[in-house]
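To keep things simple, chains are lettered A, B, C and D as they appear, and every chain counts its residues starting from 1.
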């Protein structure tokens, strides 16, 4: 439970870490995750995963993890391209009967925000918020869907969030989590099942 | 080796002669004759037409011999420390039931007879609990005031059980068609061990002299006499009374003796 | 560089075997050679010694090494004595892939990588195909990853003490979901090939993953160590009860096997929850039993289960005894350690576990009979599995030493 | 300590050959049956029809090895097995207890393996079972005994199921429970005192709960219940090959634990009332067997109650807590061991063989069974109160068993087990040996039982039990040779020259119907046929439960998470 205390990476960038930029990045990540939850179409899922990746990349860069963030972007780019190159290209945002998904997205966002800002202490609130929100929303998505592409996109989102969350650790975990996350993100949507028609 | 051979000879004589087989036959024949005389109203000449003894009779005879040599009769050839109450009790118990091999239908009220047998065991073994000794003459010699009530109660229970165990009660065995009684060879074998064991357990051991012998025989004959009288009495009162006596009186009394055994051992401790 | 090789050799072996699949003999030879090389690397690993060749500090603990070796032994047993009508090349390919993944998990320096690797393995496993849709195959493992991730995040947050407890919940629930034990039982289709079914998680990948998660979790949340252990024991007892009863009473034979794995895992969780050396020893022996005894027997019994054959030969009854953890098989030694550990911890727990152990017999008899009448090589394979179990049961010291206990 | 009446014949230490026997040889009585099992399996697989010869040779060789190991030294020999991995070092130990119980296992097993033909698979398992059983009694500590005893139980079950899967056999779960309980005892002893080696456990470690657990495991392991236990169920099987082996290899083990418990407690059990309770159980076991025997419908059913009856008396003797009681208890087990070999060889028909077996089993004077029972009862009276009351109950039980035996003479034979399994002459010979051994009671006790007693319960100074011709007790002397020899000779003469006993086997009603027995039977039947009431069946609908648990339902998973959170935040 050392948290961020005593971690030079965070201590040095504490101000930046909780600046407006990281807050926006964290919000973007949540928005992306919410989009993945709310969308059934490939375009919607692509935008969602892109937002998640951009958000976590921004937070990583703000924390000085330039290479790791870069890997995330590359992996995400491959995933988005894979999504947009196969299958029917539609948005599928908030189809009929999405009320529960909307409630899930909002509720998870609020609870994560409360946890990150009020229940927990120390710097890195944006990262805490983003990590909790995206992990929870991706889990919800994976439990809710019966289709392959949303499930794989959810798995990709999980990978990105896990890589980002690795920065919360007391020790510098290096770029390995980002590399694996990038491979998982890209690989998930390059799987044959992800190329199948329909989402 | 000599010692062992000597012991063998002594025990063989005890088993075959005194207080073994010969004494069993003499005492038993006399007692059985009296019983038949009293119950039939006339003397019957004991006639034992010689035929090979059946395994059942042989077993009863061996058991009776084994029980007899455990008694503290005067001039008993078996050394006093080599006598054992358990052997006597179990051997005598055996004599009652060997006939079951021929068929349990030979027994009237087998359940009741078993209850009586257990009561008799309580009377025989109960007094041995507190002294923690199974040497018969030691139990006979016990005159500690705290143990006397138990000893007296056990003696009474012993006497009450005897008529049933010797089958002097009026409960006829099913399928017994004989109109008149005759000498019962198996009972002949049991009179002496039963009566002698009473004299052993509930009276101080007699000295090895003529007076001691007379005293022991006297007590044994008195017990036999009691059994005969009790048998006659029960016979006169009828089947139901006999059954009730053993069900409603003897069995609870045995329970009381058992309680006495427990209480005595607790108090003495 | 042994950890890297321990991962690389089986991984390459898996790829080569898959590529050479049209030529089975060549595929088997290539896979066997590279697999053997990988195991050689595992054997050469000095437990705890870190290798930083790829910029990532990799190290394999003694217990992980022991589990990797037993997984390899189990795979060798299955390949050498394959179930009827099984494609050995496919079995070897996926087995080697699994061992590569397990080696990676074992060598991973932190829980972040363990979770990410688990996600990667889950995706690959889901991509294998099978009778269930991909989303259904991915659901439980991905949930496990999410729960483990949330647990990890909570473990790293500053604030109230309760956060550590939430972290413990996330890690335990995530582990249960990854293994497929109660309450996160994976959807099971009896007709699905073993390599694509949840059995791969509960019987092959599970042990090393559980070890990685539990050992690292203890370091992560020392303040919630007692809660963590208590939850392990509670969940373990729940699985013992459920697994035993369901395995005994369920109608489908294949499901009975599935539940029996859960019952075994119940004991393993209890053992991990008992924070004394005996508990760890019990866990190691029980995991050995799952991988080296129960998994091969399950694979060998699938054919007779399909044909609904039930036999009562000595080999069936001995197999039943082995599955039930009766003496002199390894299960009895494991139970002995478990009872001793529980006695040191809190003796009523030993009583509860002891009573629970009796639940193994009825299902084990059923499972043993479902083995049918193994003939030829299969009979030899069963005999070897039985002999190994007896050897470990009578003389567990070498295994415990290998595991650093 | 061997005593001739008044004459000390103690073996001088210089007589022994201590040190001449390499300790590794202690493995021989175990290794030989193991090798035999391997050889029998090879013969079977190869199709050579010599497996029976191999079995017989192996079994008898194991006996020879055991005697050769023990006889020259007659003192404890140990073989350290090092760290097997069970926490503390394990060891094999051959002392008088191990030797006596080893013979109890090996002799009947050897007789049965020699005379009864069996398929090679059964033979292999049987030989393995014998080996496991010998390890159990040769082990130096509780832990190894638990492992080996559990193995013996497993192998006995396998053997019985292989012979006939549908026939009655001991419930496997119950046997496993017994040995698991013993394993737990070992674990507790190791935790409390750092060792579970019989000779090294401190007396304080054998607390009342630990002993209670050990006693429970012992009673369950040998099926010592007042109701019908596995030792009597087994004789209802159509074939009696495996039944005899199961009784021979398993039945003594529970008693072995109770004997070793004296060693753990330095010659006594933790509390006197525990001895009384165990002796009470012994009376109930013997009484239950006698009660069932006197109501048996066939001679086979009667013979099925012989071993439990003797077991009850052995338990009484062992529990009394005096050297005499222990010696007699062990000797009673010896009689049971011979009968365990005798009964399976006895054909289900009338005749002299069955008559002699019944006489030997019932304890007719002057047989060995009679002598040990007399001494057993004597031990209860000579022990502290209230053991004497137990003695009275035991005497009454004995009478009931005599009634049962007498009644059994005229019972129909019952379902015949295959004639090829039977050896009437050998069965009669074994029974005659029990009867004829009556006068040698002192010798039997001195050679087999007294040394074992001396290991676990040192007799008070100046008191000796075993004599070659007489048995000296606290209050009396039983002149076994002097009293029983003439009785035996007279009996032989009388029965030889006497008339024949002509009893026609016929169905007989129970001699006495014990009060409450029908109510008990009804209660047990009611319990057996108890079912969940219809209106509650939906609560235990396993199919629905299974569907709910395995459906991968999101709600269930979330609910489980919430439940966990709730549990740990309380």
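Please note the rule applied: a residue touches a chain if its C-beta (ideal position, glycine included) is under 8 Å from a C-beta of that chain, and two chains touch if they have at least 3 such contacts.
Please read all numbers here as calculations on a predicted model, not as lab measurements.
**Student:** Centre-to-centre on C-alpha atoms, which chain is most distant from subunit C?
**Tutor:** When every chain centre is compared against subunit C, the largest gap points to B.
**Student:** Using the mean of all protein Cα atoms as the middle point, what chain has its own Cα mean nearest that point?
**Tutor:** D
**Student:** CA centre of subunit B versus CA centre of subunit C: separation in Å?
**Tutor:** Centres of subunit B and subunit C (C-alpha means) sit 75 Å apart.
**Student:** At what distance in angstrom does the C-alpha mean of subunit C lie from that of subunit A?
**Tutor:** Between these chains, centre-to-centre, one finds 31 Å.
**Student:** If you average the CA atoms of subunit B and of subunit D, how far apart do the two points sit, in angstrom?
**Tutor:** The answer is 36 Å.
**Student:** Starting from the mean Cα coordinates of subunit C and subunit D, work out the distance between those two points in Å.
**Tutor:** 41
**Student:** For subunit C, give me the residues that contact two or more of the other chains.
**Tutor:** Expected reply: 136, 139, 143, 147.
**Student:** At which residue positions does subunit B touch at least two other chains?
**Tutor:** none
**Student:** Find every residue in subunit A that makes contact with two or more other chains and list them.
**Tutor:** Answer for subunit A, listing residues that touch two or more other chains: 143.
**Student:** Would you mind giving me the full set of chain pairs in touch?
**Tutor:** Contact pairs between chains: A-C, A-D, B-D, C-D.
**Student:** Could you please specify the touching residues of subunit C with respect to subunit A in the complex?
**Tutor:** On the subunit C side, the touching residues are 55-56, 109-110, 112-113, 115-117, 119-120, 122-123, 126-127, 133-136, 138-139, 142-143, 145-147, 149-150, 152-153, 155-160, 163-164, 221, 223.
**Student:** Along subunit D, where are the residues that touch subunit B in the complex?
**Tutor:** 5, 364-366, 370, 373-374, 377-378, 381-386, 388-389, 391-392, 395-396, 398-400, 402-403, 406-407, 409-410, 469-470, 473-479, 481-483, 485-487, 490-491, 494-495, 497-501, 503, 508-509, 511-513
**Student:** Tell me, which parts of subunit C touch subunit D in their complex?
**Tutor:** The touching residues are 136, 139-140, 143, 147, 162, 165-166, 168-169, 172-173, 177, 182-188, 227, 230-231, 234, 242, 245-246, 249-251, 255, 278, 281, 312-314, 317-318, 321, 324, 326-328, 332-333, 335-336, 339-340, 343-344, 347, 350, 354, 357-358, 361-362, 365, 393-400.
**Student:** Quick check: in the complex, which residue numbers of subunit D touch subunit A?
**Tutor:** 554, 557
**Student:** Quick one: in the complex, what on subunit A touches subunit C?
**Tutor:** The contact residues of subunit A facing subunit C are 1-5, 115, 119-122, 128, 131-132, 135-136, 138-139, 142-143, 145-148, 150-152, 154-155, 158-159, 161-163, 165-166, 168-171, 173-177, 180-181, 183-184, 187-188, 191-193.
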